[in-house]
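You will see chain A twice below: alongside chain B first, and alongside chain C after that.
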Partner chain A sequence: MKNVLFTVVLSLALYTVSQAQDRGLEIAKAAEKADLGFKSLTSDLKMVLRNKNGQVSERALEVRTLELVEDGDKSLIVFSSPKDVKGTSTLTYTHKVGPDDQWLYLPSIKRVKRISSNNKSGPFVGSEFAYEDLSSQEVEKYTYKFLKEENNHLVVEQYPVDPKSGYTRRVVTYNKGAGYRIETIEFYDRKNALLKTLTYSDYKLYKNKFWRAAKLNMVNHQSKKETLLEFLNYDFDMNLTDDDFTQNALKRS
Partner chain B sequence: MMKKHIIYILIGLFLSFTHAQDETPGKKLHHDLELDIELENRYFLEAPAFYSQTRYYPSLALKPKYTIDLNGGGNSINIEGFVRVDRDDERTHFDFREFYFHKVKGNWELSIGLKKVFWGVTESNHLVDVINQTDAIESFDGEEKLGQPMVQFSIYTNLGTFDLFYLPYHRKRTLPGAKGRFRYPVIIKTDDVLYESSVKEWHQDVSLRYGNSFNSVDLGLSYFYGTGREPLVQFNAQGVAALYPIIHQVGLDLQITNNTFLWKLESIYRSSGLQKFLALTAGFEYTISNIKSSGIDIGLILEYLYDERGDLAFSALQNDLFFGSRIAFNDVQDTSILLGIITDLEKSSKIIGIEASRRMGNTMKLELEGRLFNNIADNEPFLSNFKKDSFIGLTLIKYF
Partner chain C sequence: MNTIKKIKNSTNQFAINWARFVIKNKWYVFVSAVLLTIALGLQGAMKFDGDYHVFFSKSNPELEAFDALQDKYTKDDNVILVLSPKNKNVFTQENLTAIEELTEEAWNTPYSSRVDAITNFQHTKAENDDLYVDDLLYDSGNKSDSEMEAIRGIALTEPMLVNRIINEEGSVTAVNITVRLPGEDSALEVPEVMNYVREMVDKFREKYPQFEIHTSGMVPLTTAFFEASMKDMALTGIMLLIVILTTFILTRSFQSTLATLLVVLFSMISAVGFVGIIGVKLTPPSSVFPTMILTLAVADSIHILITMLQKIRKEGMDKYGALIESMRLNFMPVFITSLTTVIGFLTMNFGDVPPFWDLGNIVAFGMTMAFLYSTTALPALMAILPFKRVDKKVSSKTSRFNFDWYTGFSSLVIKQPITVTVISLAIIVGLTYLSTKNSFNDEFINYFDQTVQFRSDTDYISDNLTGVYNVEYSIGSGESGGINNPNYLNKLNEFENWLYEQPEVIHVNAFSEVARRINRSMHGDDEAYYKIPNSREEAAQYLLLYELSLPFGLDLNNQINVDKSESRVTVTVKNLDSPSMIAFAKRGEDWLRNNAPEYMHAIGVSPMLMFSKLGFRQADSMFTGNIIALVLISLVLMLALRNFKLGLLSLVPNVAPVLVGFGIWALYKAQINTGMVIVFGMTLGIIVDDTVHFMSKFLRARREYGYSPHRAVEYAFQTVGKALVTTTIVLLSGFAVLSTSSFALNSYMARITVVIIIAALIIDFVLLPAVLILSSPIKKAKRKYTSILFYR
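Up next is the complex of A and B:
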């Protein structure tokens, strides 16, 4: 009898766990589906880095993204300031499974370098954003656990599949009432301590389908540093193709 | 002296041009003007080998850059100038690194004019990089190049990228004058270097390259036919004999990117009427990234350098090992350090190099460069010339 009860409790517990996993995955898929079909996008960005004494340093960059359905997206980032890195650019082919392909262009010597995409957890240009925070968010890159629902907000815990990630988990809040757009992400470091909080704000709906935030603010609770990523514009009408995401395109960008 | 006057006039013209640009804003054409001013100070650690040389070399360089997009963005004109004023009259020089018309349409591109092109994957030596002449008086590492007149057609297909080059004019390698460092006992006047071709610099050269990336592999195959960029130099009783031969060169560059390891190979086979040889550079770069969540990356580079010509090579790298370390702090100022040592496997010679840089504020950068020549063997025909040329240099760059 005891055994039966134990089995019932255990299977009930397992059932709840797997249910939470399924629901988490479902939400991530719903968010992906809601954003499907943007095809290509370009944006001009301003990045404001603030240290704990309030000293500010700025970067300007342009990001171009090409949506791919079968595999991960392709993206090209071009720096325009600070001036010593002007023209420096990176090309990334994201893969749903396995490491991404990445190339760096150094304009002073006109050199294209294939670089390792292994450094996921490192800081992007000295900011509070890690490379993995900015790479294309593919559903396959995490496993999931649904935590709770509050009003229209769905809170899902995500565990990176890649052991090289700098996080044990992320807690993501989706807005069900607005195309499953992300409102906040909390990042927990390898020791499972709260490291950073990313807040999305100034959302606008483009093409009646795609929610895009104009401001992404990343606060590092441990170092007390902050980085604000400001999207000055979103252009969905550039009709970019594969030809705009080649090593030749990287050199001429 | 004449040359210096020309350079001052060019600087003046450029500055007035910059000024004129400011007065005509709001044009529909998208264009962009930039200027870098570099103040370089090189201090040589040992008393000079020759009477006319000194120990301290302050130097000023200007790098103006102008690009203009014509009708929409498919067509553009790109100009990159270079001017240096130095104690050495030969190092005082100007050049158009680039001055070309560029057209992009779908999967192909066309470039006509002076341009810089880089090929290769290794760090310590650039064997396959054959298109541009080296501006050898600019830096010892050979990474500064002169603008090469060309017509380049590039097409990206499912099979890879094909580049075709027509190179109508050869440019001679720059060499130091009597007052300059890194010189030879005999001053090789740039104009004294002879050509194998009867039409001299007008030999019509051609080149092609095929490049492809699949999964973790990046592969390049190249071919060059024409006047070589590297002169054949022989010191003899009369002084010096130098000649640019007609060469055929096939090249291979290969990189395999496997997580933290980048495996690299560059190899060339060059043949001319005077010599045939094989050379290769092979090795790896291993990076430990974000050490203890500090953001710091440390890369370790090991490369083996081989040149079949041995002592006849117009370079120091015949059978050597390069060990380097690249430290990137990934901080707000982009601080980075590259340390390297090239050790000759047969002789005692060692070259130690350091390059470091850090941004200051938003529009300035400080660069440190050092080369130390250590235990240079007397029977090193190329390197022994520079035994006394160890230096430390500090460069301040202001970006406008």
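Up next is the complex of A and C:
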């Protein structure tokens, strides 16, 4: 009898756990679906790095993204400033499963170098963003647990699949009322202490379907440094193709 | 003359009235004292602060420069774990697997922001057009022997690792955990880190017994400071026992011992309340206050009690009469000596080291309370406690013995005053000359003696792996992104090379090394390219590529600033004493000034440098304080003795002991630390008591009894000789207890104080009487006014 009771309690518990997992995954998929079909996108990006004393440093970049359905998106980032890295560009093929592919073009020696992509938890050009925070958010890269629903906000905990990730978990708040757009992400480091909070703001609806935030502000709670990403102009009408995301294209950009 | 008599009479009358009042209201007085103690005690709070920053005042320029550097890059503290495998070879599968595991575990340390080990060193290598930046070693369990050999080869030639993370032989290695403490409450954060680390190390030891592990770093240093405070606080218990024992031996009275014990306890508890009220956190230097108060407060009680007991035992007075007489005779002397002690301790506020401000203020408060309790609670309690009359013979016998002894001694001095003076002065001058041979040394690791684990572990690390002291320079490039400018990088490289040529240097961590390493990797690992890139664009783009390849926590933010306009050079040096450390940092600054453009000029900073300069800074700032103490105390003495000439003369026996003390110290250690700078003002307030007692007895004999100088000296010996020896013994035992401290700021201070107190007694017994005889007119002095000090 005791055993039966135990089994019932256990299976109930497991049921609740798996239900939370299912719900979390559902929300992530819904968010992906809501953003499906943007095809390609370009934008100018201003990156403002600020340390605890308010000292500021800026970088300017140009970002191009190509939507892929069967595999992760492709993206190309070109540096416009500082002057000494102008023209330097990275090309990334995100993969739903396994490590991403990444190349870097160095105009000073006119060569394309492939970057070992094992390390993606480090800071992106000295900012508070890790490369993994900026890369395409594929559903398969995390496992999920639904936490709570408040008004229109759904809070989901996400656990990275990649063992080389810098995080144990992220807590993501989706806005159900606005195309499952992300409002905030809290990042917990490997010892499970709150490391950073990313806040999306100045959202605009493009093509009546795609929500894009003009500002992404990342605050590091441990180092007290901040990085603000400002997307100056989203353009959904460039009609980019696979040809714009090759190593040759990288050299041209 | 009349006014002086009036003062004399009025102070006498005041003391008598005071004593009568206390006896009449003995219960009220005693209960009020208890209530006051409880009221103050309830405010008490003992919080400790182990952060080394407490040693520096807010305006300390070295601290400001160091904080500015940490703000520019990353502000971090560290724990370094040093692993020595028994087989003397780190590069075996078994050992590396263990290190890899420990490194992984170390990432879970609370507040950790970075872990550097041999295994996760970001090794850069080129394969065709691919650049690999990866952990030097992972999955050690599946590596073959030849792979291990290759890794050994890389590690032992890697400048970033050798003498920093691994020794040249490959037999000792380190795991360095960088933590970023929020700094809200170091009393909570530091133990959190240390407890985790200690538990992790214990588990590791159990699982991998083949390693010997030593722990050091800034966090263990803070912990060691914490623990030193607690340990020195615990000395209070021993001192309490000594107080009970000495009082009992000196008074041979249970009641007196109890009363003394209560007075010193009340004073101490009140001081604890004071600590709570002013809200300071205790540090190793200030945590000795209970022992100091016990030591100094007990003298007040002993003076009053011994006189009272003598009046009862020798002169057969009744209890109340004896008490009133003792109060009449001792009220002023106790007041004066308390006053000089308080002045001495308050002068610590002139210094530049906050923990000593706290010590000075707490002890000054405690001494004020000790005076209050000695003149209220003590007589009240003695009035309350029952007293038996003791047989006269016993005490007179001992006093006869003392009488002979002190008379014999005084006759030596009296016979040859000139010889005694000349010899004494010669010795004093000789030792004064020697005292200039002391040099400052504030190597903070050496603040702890070998019995402290932190010290022995740190010594092991500096003997076997790397230096524990460093100097840092933040070197600007004059423009945003300028650290990629080849001119800047080449100059930085020159500086790096120059540093390596210096005999003190063990390791240099400079951005120029990173630039060279990436350049080599970008050219297919060709050694010929282990140099600064040719153009700024190349350097900037390589750096961009390299930074994109680094994992979490192993970025370059600790080495280059946000704007990429400055980079940090960290020089690890051998164990140097403070003057050599300051000279080395200066040489680096000079090199930059003479060889590099102005925007690259930088000043050296580091905790070690801050400590190195602390002693000098403290000495400079205490100089004024000491002069003021000397002037004030001499003034008090002149007033107390009512004699300008003798007040001036008293400078000799008051200043000489300190000079003698430092002279003897030059023969003993020749190195002094910040803690010893305060000794002058502090001991002045204490040793002046001897002079006061001796001179006032001498004057009384001359003025009241019209004795010749020789006879007056003899009289002084007979009357206060014993009292001076006994108070000196109490003081000596107190400071001897403190000198057992494992913390050098306290133990050195206590040791030199012991020397000074002994020297003071000797000088007061040898030089002072000789000088008094020589300086007094031979003619029989007229019966004149007398001192306001009345002794038995």
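Note that in this section the second predicted complex is superposed on the first by the 253 of 253 C-alpha atoms of A that agree within 3 Å, B and C clash if a C-alpha of one lies under 4 Å from a C-alpha of the other, contacts with A are read in each partner's own complex, and residues count from 1 in each chain.
Convention: a residue touches a chain if its C-beta (ideal position, glycine included) is under 8 Å from a C-beta of that chain, and two chains touch if they have at least 3 such contacts.
Only a predicted model underlies this, so the values are computations on that prediction, with no experimental measurement involved.
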Fit or clash - chain C, chain B, common chain A: clash
First, second, both or neither for A:208, with chain B first and chain C second: neither
Which of chain B and chain C A:166 touches, first, second, both or neither: both
Chain B versus chain C as contact partner of A:90, first or second or both or neither: second
More chain A residues in contact - chain B or chain C: C
Contacts of A:126 with chain B and chain C, given as first, second, both or neither: both
First (chain B), second (chain C), both or neither touched by A:104: second
Chain B versus chain C as contact partner of A:3, first or second or both or neither: neither
Touched partner set for A:247, first chain B, second chain C, both or neither: first
Candidates 40-48, 400-408 or 562-570 of chain C: the single one with C-alpha clashes against chain B: 562-570
Overlap of the chain B and chain C footprints on chain A, listed as residue numbers: 49, 51, 57, 82-85, 109, 111-116, 118-119, 121-123, 125-126, 166, 189-190
Chain A residues within the chain B interface of the complex: 49, 51, 57-58, 81-86, 99, 101, 109-116, 118-119, 121-123, 125-126, 166, 189-190, 243, 246-248, 252
Complex interface listing, chain B residues touching chain A: 34, 102, 104, 106-107, 109, 116-118, 120-121, 143, 145, 154, 156, 161, 211, 213, 215-216, 218, 255, 257, 259-262, 287, 289-290, 293, 295, 297, 330-334, 359, 362-363, 365, 397, 399-400
Of chain C, residues touching chain A in the complex: 71-72, 74, 107-113, 129-134, 180, 480-481, 484, 522, 535-542, 544-545, 547-557, 560-564
List of chain A residues in touch with chain C within their complex: 49-53, 55-57, 79, 82-85, 88, 90, 102, 104, 106-109, 111-116, 118-126, 130-131, 164, 166, 189-191, 193, 222-223, 225
